[in-house]
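Some structures to go through are shown next.
After this come two complexes, each holding chain A, first together with chain B and then together with chain C.
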Partner chain A sequence: MPAGASTRAGSILAKPDHRYAAVSILPSVLVVFAVVIYPLIYAVMMSFRDSRMGVLGGFIGLANYARLFSDVEFRLAIVRTLVLTVIAVALVIVISLGVAMVVNERFRGSSFIKLALLLPYALPGTLSALIWRWMYDPSYGILNAVLYHTGFIKEYVTFTGDPRTAMGAIILAHVWKFVPYSAFLFVAGLSSIPPGLYEAARIDGASSLTIFRKITLPLLAPAMQLALIVQTVFAVLYHFGLVYIITGGGPGRATTTLPWYVYSETFRFMQFGRGSAAAVVLALIMLVFIYVYLVALSPKERTVS
Partner chain B sequence: MRRQDTISGRRRRKAVWLALMTVLIGMYLLFPLVWMALSSFQDERVLQSRPPRVLLTPDIFTLDHYNFLLTGRMPETGIMVQAMYTMSGTYVLPSVVNSLVIAVTVTLGNLILGIPAAHAFARVRFRGNRTLFMALFATRLLPALSIVVPMFIIVSRIGLLDTKLALMVIYLAITLPFTLWLLRGYFAHVPRELEEAARVDGAGRFTVLWRIVLPVAKPGLIASAVFAFMLSYGEFPFALILTQSLASRTMPALMAGIGYYGSSRGMVAAASVLSFAPPLVLAALFRRQLIDGLTQRFE
Partner chain C sequence: MLLAVTLVLAVLGAGCGREVTPAQDGEVDVTKPAKLVATVWTYDLAKVADNLQRFEQWSRARPDVPPTTIEMSDFPFGTYEAALTTRFLGGARVHVLRGSDHWLSKWATAGFVVPIEDFDPELRRYIDDMDDFVKPGVLYDGKLYGLLYYGDHMQFVYNTEILKRAGIERPPQTWDEVLAQGAKLKAAGVVRDVFALPLVLSPWLEEVFYALVYSQGGRLFDDQGNPTFGEGKTGPPLDMLRWLVDAIHVHGIVPAKTLEMRVVDVQEVFKAGDAAFVIVPSYMLAEFQKPGVSKVAGQAQLAMMPGTHHGTAGFARTYHFGRALLNEPKHVQLAAVKLIQFLGGQVEIDGVTAYHIPKRWAIENGLGFGYKSMWEDPDIVRVIQGWGDIDVLREQRRLASHKEGIEYPWYAEWVSFFQAELHKALMRTRTPEDVLSDAAKRWLKLKAEFER
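Moving on, here comes the complex of A and B:
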């Protein structure tokens, strides 16, 4: 660096490196924050205003929130969101860890599985929803056909129209699409465990289960933490399309989760204020989720890169 | 001798077990897609009959669905089938084009804005570097449904409903954080000495970035471009609410409204295959970079 360029002390931009950083980073920061933060503030403001039938009215304080929490359907929507999230995340973690352990054996099938994993990952969410709706079809779906001809069911079942199975149908479709992402994470985590550890344990006579519990799981903790966080985010963020396409929040309200509640309050019932209050609650729940994970699962040092 | 037998026996058992697992996993991951692809070539009457036919024999094979989607031409036979080809079917191809235009633009925007920003985050020490980076990344945690309502109001107020521009800007903002995260990882793995040597020779930061860093981090550029493309090509909630007319709908928004009961299953399947083609081709072409990106191998 030419001397003298950094003489204007005090200003952050005085050093060429800092100017470089500012010029490079500012555009991205502006775009992201303008598009994300401004509407978020807008949503918070709207949630304090009276706005039935789509017309924004006066400031009514917390009335929207009060109405919201006195609505049984809203409280149920929160519960359903939690149920969906917990079950979906658990299933994704178990399945993807299993898949990753198979891939980690580094045999001829490993690269095939990795390629196969890419396909559900690359498939746009709406298309996966259409595929699963077609598989669940009560009249001609392949799932009904298989279960019927193997004798598991006596007659065709309306999976997506039965309150007992509709949520399960949504969850299975979600899990299928998001297993690959975690599987890749776990493959990365497993491959960083030195094989010597396994050999040493096996020579000491440790069983597979002990090896899994005492070596694999602890050393996989960073990947596990990341997978839990990411999958929780995915579960809350990305099931909306499935609900929209497969069940429409029904039958009754059996699959009305929080995102669907926000959508239907706002765009079907034109309750903009209450919809916004629900949207704010949704964002807050997300924050709590992440905070709990970070605190409860924080290893000593977290390096993302 | 005996011990060797048990070891090779154990190996064989393991090989069988692995093969079995591979088949199971492969079926789990691929069957829904294969089923969609097979359905798209099946005669509608076969699709709407029990039990479903898995094998694609010549007597049930048809290109009618693709023919309709690509040319708008109705099949000559079967009034029933014609009635099931819904009007939105003719908008499948335009919607794919809409999504492609948006996704390509957003991808370029990601690279143009993301490359210098990620490099600065990786290389320049300044106060708040990490905090700012985490704050940017944290925006990824925000559910779309949390901001979709105000976004609808803002976008309609400035008259950008039904335009690609609104979606482009939004997608750019929601894809950038991941691009930054990925690229920062790749850039941090470029040997520092390479950059320093060039700078000692008098090259500026941007020159170093362009001439030294980018060629080394090319796999990272490809991976983040493909990720940005896929995300914006498939985004649903914003597209659903910000595009109202059939002609302005992106692929996900159009496909979400296609094929309710009574419409042709074959048409929906064929439309799904066509819509899946762009990300599928990208995933096939750049599988190496994608897998490395997903498994965080930043070399």
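Moving on, here comes the complex of A and C:
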């Protein structure tokens, strides 16, 4: 550490308030270091080592990464993860924005709707995955029953056993669970927009669409940015439970996404080196998404015209 | 979250690979209380807990067993392997645990489980009483790693009433007959799903495929561990994969939804009277015949696996010792030896020496067993006769073979690839020839990597 920096740190800690602050956050810093930073560093190191069947081997450079990227299934898993993420995030954002606009209005029963909306998000992930598995059941599932009795299908169909529909089934279950989270973020954002802006716009003769485009959307940007970041993390990682419980990565490999790939390499094949390398790639993909959101929706872009 | 778990695992993994050996010989103080940690999967937990409690009481009544208390934890079967891997890597104290034949080779290679014969060489005596098909579930590299609490095989089961309604007098003997009878059942419109199979991506998919291959007298690997299938090769693996593809897409005998059916889904479909034929582990017969929970009670019957040789795939569920036992004092190790025999071997209770716990599972839950002498137990015989044709069951188990290849540590990785490839053939996105060719190449690649 340069001498100047050392002196600066020393002068900062010399103040009682700063010392108190440093001591207060120290436990959190230690916990974060122990459960995030150190494992992260260790996993990155592990990804450069030969490690199989639970036994740690020597340094092998980029061999784990080379093997991963030479594996067509790994590349396809990345593509599936990106497709799922883009579709799921887009659907969640659009639907939750619509839901937020509705529940932001005061009408009879709006409080109940707000409460009911929370249910999917409040349910434990495993439970909601099980519910969807039962709904998709090809023999006795309620989805088949409803479609059959309303005449949409002539015989029961397989939703998660068909590669053309399996990923859609996962995305639908994911969207159902995570719409409420963003909807409430948007509700909070909407309620912070001064009503006077809307009144002024209406007096000036702006249409509803114009008001939405010129006032609502720009002023929702902070909430939108947060929603996009959080939903991307949810989409990249949290669909794992659905894949685990509903499809097991199949049929074939139709729903084998990166988290499932990491899980298989690590837990099922005990290839910790390759599993760590795949996890690092997964983390990098998330960082790219988050970086794009931060740049695209940076504060300087937010203006009301 | 997954990333975090993986990262934490990576850290924990650093603790593995240490060489530890059993405690040195010396006097064992059997009066000292022992505390054991046991891990099981979630299946009839009340009975598991009761069995463990019985052991605790038994240990206190025996002068040659340390008075023992057991701390039990359980995980669902679907997450059991991952949960145990995490615990092993974290160095958790797991002394006695349930296992399955398809995990033993990698757990033993990783040093997660240790040979039970190292704690008591006398335990090897059980090997002679075991059916051959269960031995890969307890033996690795010639050493005994566990005892059985359950050994079973994949069984062809049919609904007598449904067949009767279609004018079919006896179950099919060959796979061509399955197709012919299936066509007749479809034409008669007496059942929704002719033939339900658990073909979702899970160990049951491979059990079914092995059973089909064995039914035609085929093999998947030779004695040197090389695949019998692959590019340009013909024989039962290719024939039966083609048969299955045609049964789904050409004949419509096996429903396409079978690719998302777990073994419990197949069980439910059959119990509801919605399937004429199923291939399931034989223990499900007891459930099929239970009035009140099964609509087909009294209608389920066993048949030999159709085919030229009527062979099938068998499997073993076991108890093992975790490596943590190596670090325990002798009296705790002795308690573990007694416990594993109590749960998966013979002990003396009330003057009777028998496989008490495997027998209890067989009688009360219909679980199969892998000890030959248990067929001589009149209580077991009487109960099985109440469920179905015991001669068929016994003959089918005699013709059961373990899943070839399972004894190799790369099996788990290969079979995951193979299952997905099988699905592609069954969905007709790839041909059976290409699927088997790639599966053979993958096997040889993994074999070369591990041998290197």
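Definition applied: the second predicted complex is superposed on the first by the 281 of 305 C-alpha atoms of A that agree within 3 Å, B and C clash if a C-alpha of one lies under 4 Å from a C-alpha of the other, contacts with A are read in each partner's own complex, and residues count from 1 in each chain.
The definition used in the following text is that contacts are C-beta pairs under 8 Å (C-beta built on N, C-alpha and C of every residue); 3 or more make two chains touch, one makes a residue touch a chain.
None of the values given here were measured: they were computed from a predicted structure.
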Clash-or-fit label for the pair chain B, chain C on chain A: clash
Which superposed partner A:269 touches (first chain B, second chain C, both, neither): second
First (chain B), second (chain C), both or neither touched by A:249: second
Which superposed partner A:158 touches (first chain B, second chain C, both, neither): second
First, second, both or neither for A:69, with chain B first and chain C second: neither
Touching partner for A:180 - first (chain B), second (chain C), both, neither: first
Partner chain(s) touched by A:28 [first = chain B, second = chain C, both, neither]: first
Comparing the two partners chain B and chain C, which touches a greater set of residues in chain A: B
Touched partner set for A:20, first chain B, second chain C, both or neither: first
Touched partner set for A:198, first chain B, second chain C, both or neither: neither
Touched partner set for A:109, first chain B, second chain C, both or neither: first
Touching both chain B and chain C, residues of chain A: 35-36, 38-40, 42-43, 46, 137, 139-140, 237, 240, 244-245, 259, 262-263, 266-267, 272, 275-276, 279, 282-283
Chain B-facing residues of chain A, complex: 12, 16-18, 20-21, 23-25, 27-29, 31-40, 42-43, 46, 99, 102, 105, 107, 109, 112-132, 134-135, 137, 139-142, 145, 148-149, 176, 179-181, 184-185, 187-188, 191, 233, 236-237, 240-241, 244-245, 258-259, 262-263, 266-267, 272, 275-276, 279-280, 282-283, 286-287, 290, 304-305
Residues of chain A defined as touching chain C within the complex: 35-36, 38-40, 42-43, 46, 51, 53-56, 136-140, 156-163, 237-238, 240, 244-245, 247-253, 256, 259, 262-264, 266-272, 275-276, 279, 282-283
List of chain C residues in touch with chain A within their complex: 1-4, 6-11, 13-14, 16-17, 78, 81-82, 85-86, 88-89, 106, 109-112, 193, 200-202, 255-261, 265, 268-269, 272, 274, 409, 412-413, 416, 419-421, 423-424, 427, 429
Contact footprint of chain A on chain B as seen in their complex: 14-15, 18-19, 21-22, 25-26, 28-30, 32-33, 35-36, 39, 47-52, 54, 113-114, 116-117, 119-121, 124-127, 129, 132, 136, 139-151, 153-154, 169-170, 172-174, 176-177, 180-181, 184-185, 188, 205-206, 230, 233-234, 236-237, 240-241, 251-253, 255-256, 258-259, 265, 268-269, 272, 275-276, 279-280, 282-283, 287, 290-291, 294-298
